[in-house]
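Right after this note come the structures.
Two complexes follow with chain A in common, the first pairing it with chain B and the second with chain C.
This part shows the complex of A and B:
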């Protein structure tokens, strides 16, 4: 039996309403097609401040500033029950305000793509330098930020004459993202903005991961990045590699990395790939991470504006998980029961849930009742319900309960109890790959360490058909549980054997 | 209904007319109504190829008893019975029927 330890985890949000207003795909597409329409006129009134975002229960749960089990009991609607005080930091990460995040994007840019106006840059950099998770490598880059600083007239000339995309602060131009190429649309400013935001989010999550795991940047030996962005040029569109770029910026000098893609199923596939490499002894400290997706900002805002609701999709989501050999001290991922939605399984929801939930349980002779929490697709329902997309995590746990009835694991009358007890309420931003089960890893590991939970299943599902290559969806799942004694956790290392032999030999020496 | 799917339905209707039956699988009644209206009376959002094109196609939800009766019980059990437990099947079928009664042509008695 192979198992891999989960040594640490981090979850961050980047509150970026001005990027959302201008570059979220819904407002961006509307502006390109129709100009300043009624929807776009109505959108600014729906924007929420950082204070609101940082006192909103789902966001605080995501960064670990609110315990998930307190969140389950929290008063709804969450939009009308903000916590009394905003919180920037939680035990897993932080909600970074927009000026600092734009500054971090500039810090992550090594191709002179981002230009910032002087006073904006100085103020944002001074605030960013106070962030307690910065690695030495990042601090050095912030101190070298002057190469990105330009006069506003230069920035405006770049925007009007060279198709640079403006960056805003309080509605005024505070910088720009320049074009990377004359004709290659993979290197146009919008794409580079998207990729640099994703990179910066990944860097922030990695720095929190390093701090939360109690390791040094040099201890990370591999990074797997699993967002939904594509880095490359026209000859190798989405060729990569976010992972190594993120490792470099964070100062992980001993790491290499690669990207794994699979829409919302990307993170589960990436974690399984990383865990397999650690279990095989190829890697020791493998960080699986992702930054956020700019186009998904304000994705459902048309419906939010129409219904006079706050536009909640103003945060990029980032996460990172550190996988390490199972030494018996950390919660583990079991590699002998990983859920896979095979090509032949069929596309019906029943077939998908059976492949992802039932089959991994059956493989180990476990029942549905052996899993305390099923975490699938954790989109915040206050975002999706007004947009007619339903409560996604609730739908998933209902399907799991129905499957349990079909497999005769529970009575039909027990479905409601099963759903209430074993479901997870959605608290993640609608950032595609981010809600896909992985936001619950932190809570699951903490509860397992505290002896309050025995097993959680993390489930990710991806809409592959959006790429027009196949009509199939995809999915993956794995289980997290306490380390076992006697397995890999209890195994004795060569060094330990050597130490015991030396002890015996030294005792056998004539006095 | 996304624009590509509207085009697919339009192409099929051009070929088969109202002999073509649309079966919806939407899990949401409001969504099912919009899809049903799109293929019978035209795209109510006026965004796609079916904007202002009343195809009049007969449209059903997969949970409509008429469709269920046509299905192989074994395939139903394997592929749909789980969702039958999860969703409000009567509400979904009724939502689509409401639209069908208004706009569909060539509906079998």
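This part shows the complex of A and C:
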């Protein structure tokens, strides 16, 4: 049996409402097509402050400032039940305010693309330097930020004369993202802004991962990045490579890396690929990570504005997971039964769930009841329900429960209990690849270490059809368990007892 | 099924609900003409 340890994990949010207002694809597209429409006039009133975002239960759960099981019991609607005080840091990461994040984007820029206004840059850099997770490499880059600092007149000239995209602070221009090429639209300012934001989010997640895992940057061996962004030029659109760029910026001098893509199924596929490389001894360890997606900011805000709700999609999400050889001390990913939505599996919901959930369980002789939590597509329902997109994690656990009934693993009358007990409530921002099961890895590992959980299944589903190459969707899944030998619970597991009984029975059979 | 005979259908599916190809497969023998079927993603 192959298994790989999960040594550490980090989850961060970057609260960026001004990037959202100007560069989220919904407001950006509206502005380009219609100018300042009624929707765009109404949107600023729906913007929530950092204080609100940092006292909002789903966000706090994402960064580990609120325990997931407390979140399950938290009063709803969460938009009307903020915690008394905002929290920037949680056990997994932080909610970084926008000025510091823009400064971090400039720190991640090595092509003189981002220019910042002097007073804005100085103030943001001073605050960023107080972040406790900064690596030496990042501190050196922040101290070298002066090369990105320009007079406001120079920045305005770049915006008006050379099509640079402005960066805002309190509604005023505080900087810009410049063009990377005269005619190559892969290197135009909007694309570069999107990619640098994704890179900066990845760097932040990696720095938190390094701190949470207790390893040195130089000990990171390989990085796999699995966002949904495309870095490249017109001759190799989306050629990559975010992973190595992120490793370089964070000071991981002995690491290399590559990108894996698959829409929202990217993270699960990337984790399985990284885990396989570690299990095979190809890599000493592997950090799987992703930054966030600027276009998805305020993606559903049209409906939020229409219904006088706060525009909640104001945070970029990012995460990182460190995979290491199974030394018996960390929760593990089992590589002998991972879920795969094959080409021939079909598009029917029950066929997809069967491929992702039932088949990996059946392969090991397990049943639905052997999994404590099924974590599939953890989008925050307070974002999706008002937009008519439904409660995605609830839809997925209902399909899983229905499949369990079909397979005669539970009675139909037991569906509600199954859903309540084994489902996960969505707490992640609608950032595509970010909610796809992986936000639950932290909670699952903590609960396994504490002996409160025995097995969780992480499920990601990707909308491949959006790329117009196929009508198919994709999906992947894997299970997290205590290590085979040792582990916090320390007790003999049900699986181990089952294996012993099977051994005895096979020996007892007449020859 | 008879109700759909001779009709033209536009099918909009979603990834976490019922995808377009799944609806298409169900309605293949309905007598209707499927002029457009697609899945969309809203998250």
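Rule of thumb we're sticking to: the second predicted complex is superposed on the first by the 485 of 511 C-alpha atoms of A that agree within 3 Å, B and C clash if a C-alpha of one lies under 4 Å from a C-alpha of the other, contacts with A are read in each partner's own complex, and residues count from 1 in each chain.
Everything below uses one rule, namely that contacts are C-beta pairs under 8 Å (C-beta built on N, C-alpha and C of every residue); 3 or more make two chains touch, one makes a residue touch a chain.
These numbers come from a predicted model, not from an experiment.
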| item | value |
| --- | --- |
| Touched partner set for A:430, first chain B, second chain C, both or neither | second |
| Which superposed partner A:160 touches (first chain B, second chain C, both, neither) | neither |
| Partner chain(s) touched by A:388 [first = chain B, second = chain C, both, neither] | both |
| Touching partner for A:119 - first (chain B), second (chain C), both, neither | neither |
| Chain B versus chain C as contact partner of A:406, first or second or both or neither | first |
| First (chain B), second (chain C), both or neither touched by A:461 | second |
| Dominant contact partner of chain A by residue count, chain C or chain B | C |
| Touched partner set for A:147, first chain B, second chain C, both or neither | neither |
| Touched partner set for A:308, first chain B, second chain C, both or neither | neither |
| First (chain B), second (chain C), both or neither touched by A:470 | neither |
| Common ground on chain A, meaning residues reached by chain C in one complex and by chain B in the other | 346, 348-349, 388, 390, 395 |
| Contacting residues of chain A [partner chain C, same complex] | 263-264, 300, 346-349, 377, 379, 384, 387-390, 392, 395-396, 430, 432, 435, 461, 463, 465-466, 471-473 |
| Parts of chain B lying in touch with chain A, wherever the complex brings them together | 27-28, 30-31, 78-83, 85-86 |
| Interfacial residue positions of chain A with respect to chain B in the complex | 346, 348-351, 353, 388, 390, 395, 398-399, 401-403, 405-406, 412, 415 |
| Residue ranges of chain C in contact with chain A within the complex | 14-22, 25, 38-43 |
